[in-house]
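First the structure, which I've put down as structure tokens, then a few questions once you've had a look.
Chain lettering (A, B, C, D and E) follows the sequence in which the chains are written, and residue indices restart at 1 in each chain.
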Amino acid sequence: MSRVMKKRSRKAGMPPGTLIYLGDDKSTATRITLLHYAGQQVVEKEIQTAEECQVFLDTPGVCWISVTGVHEVEKLAPFGKVFNLHPLVLEDVLNTDQRPKLEDYGEYIYIVLRQLKNSSPSNGIVTEQISLVLGRNFVISFLESESEIFKPVKERILQTRGRICNQGADYLAYALMDMVVDNYFSIFENLGERIEELEELLISKPAPEQMRNLHALKRELLSLRKSVWPLREVLSALQRGESTLIQKETGLYLRDVYDHTIQVIDTLETYRDMLSGMLDIYLSSLSNRLNQVMKVLTVVSTIFMPLTFIAGVYGMNFHNMPELGWRWGYPTVLLLMAAIAAGMLIFFRRKKWI
Amino acid sequence: MSRVMKKRSRKAGMPPGTLIYLGDDKSTATRITLLHYAGQQVVEKEIQTAEECQVFLDTPGVCWISVTGVHEVEKLAPFGKVFNLHPLVLEDVLNTDQRPKLEDYGEYIYIVLRQLKNSSPSNGIVTEQISLVLGRNFVISFLESESEIFKPVKERILQTRGRICNQGADYLAYALMDMVVDNYFSIFENLGERIEELEELLISKPAPEQMRNLHALKRELLSLRKSVWPLREVLSALQRGESTLIQKETGLYLRDVYDHTIQVIDTLETYRDMLSGMLDIYLSSLSNRLNQVMKVLTVVSTIFMPLTFIAGVYGMNFHNMPELGWRWGYPTVLLLMAAIAAGMLIFFRRKKWI
Amino acid sequence: MSRVMKKRSRKAGMPPGTLIYLGDDKSTATRITLLHYAGQQVVEKEIQTAEECQVFLDTPGVCWISVTGVHEVEKLAPFGKVFNLHPLVLEDVLNTDQRPKLEDYGEYIYIVLRQLKNSSPSNGIVTEQISLVLGRNFVISFLESESEIFKPVKERILQTRGRICNQGADYLAYALMDMVVDNYFSIFENLGERIEELEELLISKPAPEQMRNLHALKRELLSLRKSVWPLREVLSALQRGESTLIQKETGLYLRDVYDHTIQVIDTLETYRDMLSGMLDIYLSSLSNRLNQVMKVLTVVSTIFMPLTFIAGVYGMNFHNMPELGWRWGYPTVLLLMAAIAAGMLIFFRRKKWI
Amino acid sequence: MSRVMKKRSRKAGMPPGTLIYLGDDKSTATRITLLHYAGQQVVEKEIQTAEECQVFLDTPGVCWISVTGVHEVEKLAPFGKVFNLHPLVLEDVLNTDQRPKLEDYGEYIYIVLRQLKNSSPSNGIVTEQISLVLGRNFVISFLESESEIFKPVKERILQTRGRICNQGADYLAYALMDMVVDNYFSIFENLGERIEELEELLISKPAPEQMRNLHALKRELLSLRKSVWPLREVLSALQRGESTLIQKETGLYLRDVYDHTIQVIDTLETYRDMLSGMLDIYLSSLSNRLNQVMKVLTVVSTIFMPLTFIAGVYGMNFHNMPELGWRWGYPTVLLLMAAIAAGMLIFFRRKKWI
Amino acid sequence: MSRVMKKRSRKAGMPPGTLIYLGDDKSTATRITLLHYAGQQVVEKEIQTAEECQVFLDTPGVCWISVTGVHEVEKLAPFGKVFNLHPLVLEDVLNTDQRPKLEDYGEYIYIVLRQLKNSSPSNGIVTEQISLVLGRNFVISFLESESEIFKPVKERILQTRGRICNQGADYLAYALMDMVVDNYFSIFENLGERIEELEELLISKPAPEQMRNLHALKRELLSLRKSVWPLREVLSALQRGESTLIQKETGLYLRDVYDHTIQVIDTLETYRDMLSGMLDIYLSSLSNRLNQVMKVLTVVSTIFMPLTFIAGVYGMNFHNMPELGWRWGYPTVLLLMAAIAAGMLIFFRRKKWI
């Protein structure tokens, strides 16, 4: 959490529109791929500079510029000129810690999404920013690092399969967002399994480590919440069809993604409720075990203290203790002790302590 | 929970409108029954393909197509053509893990409901998806598995009894939704009894197993909530009569179902409050019992420790211990011990510990 | 709670408008009283069938038909015809477990209220349904059982006292609702006293029984909430004067009842907060007492364990223990023991444990 | 709390508009003061009956009738006629347990505020009702008892100081409300100090009495909430300038009071959060101290139990115990005991228990 | 908290518009700096009285009057006349304990912000009020004390760098607000680090001091909340562009600051959730440690009590105890004791207690 703040504070005091990459990943070289399709005609091309897009933009059809790796500021800056983007848009593309949002600039819509990734098991889930710029006949997608997330869409276009080929740029933007939300389901499946495993562990053998896992899961959910909740508003705004860039037919599909997002949010909230229920289980089991321990102590003490006392009495050195001289004194006392111990045991058995 | 996510993630990456059944139940063979009625004339017919409906649709009256078992995708696909349904509608019919929702496509309304079923006692309550498509003169109902839930409506139609025979398709849709909500009452009755039983157990003999039952009930309520809460919005939207498919008179009846749903939701929230109150009872009773155990230990220790000490003193082997030679030394010490024990008992009695 | 659900589930599957009494009280014979007044002219009459009202309805003035005991379905059914009521209205009159609601049928308004009654102390507060039908020149009130609640209004009319005689049916409906809400104040007074008594008990001598009382009070508040909260919306809707049946002047009076309802709700919420604060007190006092018990145990153990050990040492039978032969050995050891005990006591006194 | 309900229930069943004083304070004789000002001309006059105001009402300028002590119903009733007030207004003036509210009767606005007073320290804060009636050219203020709260406003008028003299009745009403809210700040200052004192006590020496103080403060905040929260809505409604009685310029000043009220509410909520944080501190410190106590007990037991056991072994009376005859037997055993004790101490020191 | 209330209560009873400084800092001499710029022309001038601004206001371009130190009331009062400000505006500039707010006076907008400052580590974060008055061609900024916060903006203007030089007063106001919000990020970064440090400490070695730190952090967050939350509404209102003083283009930039504020609020809420999760960890670890302590006590007691009892039995002085005379009596008993101790150890090992 403090890491996010640290990154942002690096930019404090700079004028708005200053292009500085705030992410961690500087290893991914910026790679720009252009995909132009109109019905059955598809062109795929790796390009070096934004200017190369101009030709395709002037051709009828939809143009998808896919940018992977956003830390090479000098490669991104030209997009501002070619696509006539507001300086704040490019700034936001580089500020990779933003929450999902939608900004309608009239000529184009700028959309921020967050992609979830399972990192190595110890670190849980990490999020990466995906920026989309949806124009009249183009979509630009900015990814922080190499990712397979948009591959199915790309293949559907290349194979000129499905309705996507005959639809506009808005449908392409929908298809990309659909991929991001679909990906949430598999991330959440994994998360749900981890929660259920922890739950079983907590019930079978509660231990402090599990409390720490519980806490870690809680923090993960907190950060997922920030990635998923605002998406709801983004999709709700898109689906209401206030922008002329979104056709009515595409609105129906966006409603579908919206429904999926609600389902993801529902699951998230259910997970939170489950975790807080698990805390109660853990605390009550701690209490329970203390009770068990104390019962053992109390039973042992209550049985042996009176016996030890009796032994102590007949260990006294008074000259005049008639019992000591009795023939059956010793066995009688042993029997008495056995009787007391038996009585105590019956008493505790009745109290259900043993 | 993670199961739901798992099913959904099976579809990740596929284009929208892909028909894949996501439910568990593949044993129910798809069975399609058609019921056509107009006043006193009723026709019931088992049909094989969606195309057979066309004739009845062109006849005046209401046509109810009841589909049971939705996993045979090839049988469902033709409905799309015959009734001119959007691909997303059929996709949603097959995605059987959706929350209740309402989608108005103009020509028809698509409604998702969830039916509650008491499974074998150990597993609690399960939910199944019911999809309704309400058109101008037809209703299509999709059930996941064989169910008696719509039987009363069917019988009322077959016996040409009640107002249903003279009403339109909207009234039929209302009658079906009414059955689903009515069914909630009996499920909730059963749930309420389980909660009350648990409450009595928790008060009479609190034990860790009951804590686990409590937790299980909480999770059940969490999942019921997701089935029932969204229904409220669905019915509220229907009742406001924004669609031309709903007549004003039917709106009054829908308001009635809406009221019942509110009552179910109220009960659900009350159950939740009761369960969280029961957790407090359980935790406080654990605390209480620890207090009881500790009091026993303290009373026993406090009585016998001083006595054992005195016995220890007169068990010392000093040559010069005048008390040991006294004639009444032993009885005096015994009396002293008895007095100390009695004093302690009185002290604890005053403190209300025993 | 589960009782409510049980009653409702008895009706599951029946067509809407089916008249079945769902309440418990079948002992109260249905009694119908008619009160017709216009200025100083008042007529009171016990009637047998709804048809007898027709004459009075056609006479100028206000007609109040008061029905007590609603389980004799055959007596209530005729009201539907005479007053032209929707079948759902009569069904709702008989479903006596409904939450307060308002239904505007244009020609008349149907209002459901809930009356609170102190049952025998052990059972706490019970609620009964009161239904009002407000028409152009009539009010029908349905009570589940004999009740004095509307007596003051009746007397005001019979004595042609106050403004009520010169006002319309809407003012009569207001007066009846005012009585119901006024009655809440005395019920809540009693409840508040019980809460304060419990609070004093919890502070002076916390015990598990009081925890149970606390829980019982919580459940009572839960059920009261369901009776009172929705009333707020009912009165708010009435007061906004959307119906032509409510005159503007009466709206001012309804605003007054609305204010009273808000006050009742405020009190309810305060009671809830008080109860949850009392739970904290109880739990902290349990913790406190455990601390007390443990301190006693620790003090006793810490004093007597070293002493018993010393006595044990000089009880050993080594041949060569020079101290045993010393003349002042025994008194010295006794003094040592006394010193240790005193030291411990001072130590614990400083720690504020005793 | 139950007291409020008790008072209200005294009125149950009476017709609306019945004038009965429901407050506690019957000692304050009703005193009516009239203040009429127009620019630099000010008249102050003690009056006996409401009728005396008539002359001043017909003179240009603003008329402030200040009524102190509202239990003499016969003195208040005439105000209804002279100022043409609705019966419900006078009824509300006498029902001195109302929450702040605003009622716009067109010709005049009726405002209820609650004044806070520090009562003797043991009882905390009490509230009194202040009613304002704002007309075209007059303000009537009703106070339950003698109070200095409006003195500064009065003096400003008498000294014809400040803008108040040249403003209308709406500005006077604003000035009075401003005094009430300003007074909250000093009450809250005092409350804040009590909370901070308690916080320090809870951290330095937690004890059950402080838990009770905490609970008492919580209840005080609960009742303050009911006095302050609704004021927000009152001022928000006034400031929006929906009434023609409020001039636009005065609206700016009302916005200022509104801001102050928000600040008071913010502080109230912060206090609530602080109190609930203090409960956590108290409970955790109880737990902590139990840990301390148990550690002492465990350390003492763990050291002395083995030692006592060893002493017991050599106190056995077996004839054949070679160690007893050894020359260095006794010192060896003593050394062994010392070693065990030292070992234990080192062990506990390492565990940070001592 | 009570300090804020104390300051405010100093002003109770004074007429509105009274200028009294309510802050603590009276050491900062009031310093007024004027900055006038139009394109590439920039004038900077230290001025003594507000009247000196008049000349610049009449020149085309933007005029930024920066006031540092607001306790010299006599220097601030003239601003009221020169800029035609409402008396309440200057009063609010001096009341330095206000929450962020926006007041639109038509001719100018008055904005209150709160700047966060890291005070010396022991005291955590303090807040200072920043007031902005945005007019047609001027911005007045009031700071409580010397601060570097607006330096970057000043430098950008002096170096005629960036778009700011060619924009209006609204863009200047935006730039200043942007600086304030940017500053939050670095404050929150620091806070986040403190929270994470505490979290690690709580998990590794929980101690009461950390509980106190936790509580202190909670209180800091409470006070930050009051500084940051209302800012959201302020920026939302500004960005909606209801005022004619804000140009559409600047609205886009304001939306950007608004987004940053949302991000800060998100982080704040996450911090709160983290702190409450840390409390759970602390309490559960206390419980856990009690369990550990009690297990040690129970193991020790359970092993040594039976052994001591056996030693006590053979320490009894009965004349007729045959075992005492046996040749292998003593070793047998020692072996028995060892067997019991070993048995106990195995038992506890199996129970996972040791």
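In the analysis below, a contact is a pair of C-beta atoms (placed from the backbone, for glycine too) under 8 Å apart; a residue touches a chain by one contact, two chains touch by 3 or more.
None of the values given here were measured: they were computed from a predicted structure.
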Checklist entry - Can you tell me the C-alpha superposition angle of chain D onto chain E, nearest 5°? => result 70
Checklist entry - How far is the middle of chain A from the middle of chain E, if each middle is the mean of its Cα atoms, in Å? => result 26
Next on the checklist: Using mean CA coordinates as chain centres, what's the gap between chain C and chain E in Å?
Outcome noted: 42
Checklist entry - Taking each residue of chain C in turn, which ones touch at least two of the other chains? => result 283, 287, 290, 294, 297, 301, 305, 308, 312, 315-317, 321
Checklist entry - In graph terms, with chains as vertices and touches as edges, which category applies: line, ring, star, complete, or other? => result ring
Checklist entry - In what order do you meet the chains if you trace the ring from chain D in the direction of chain E? => result D, E, A, B, C
Next on the checklist: Can you tell me which positions in chain C touch chain B when the two form their complex?
Outcome noted: 1-6, 8-9, 11-17, 86, 88, 91-92, 97-99, 101, 103, 105, 208, 211-212, 215, 218-219, 222-223, 226, 279, 282-283, 286-287, 289-290, 293-294, 296-297, 300-301, 304-305, 307-308, 311-312, 314-317, 321, 323-327, 329-330, 333-334, 337
Item to check | Of chain D, residues touching chain E in the complex | outcome: 151-152, 156, 161-164, 175, 178-179, 182-183, 185-186, 188-193, 195-196, 203, 252-253, 255-256, 259-260, 262-263, 266-267, 270-271, 273-274, 277-278, 280-281, 283-285, 287-288, 290-291, 294-295, 297-298, 301-302, 305-306, 308-309, 312-313, 315-321, 353
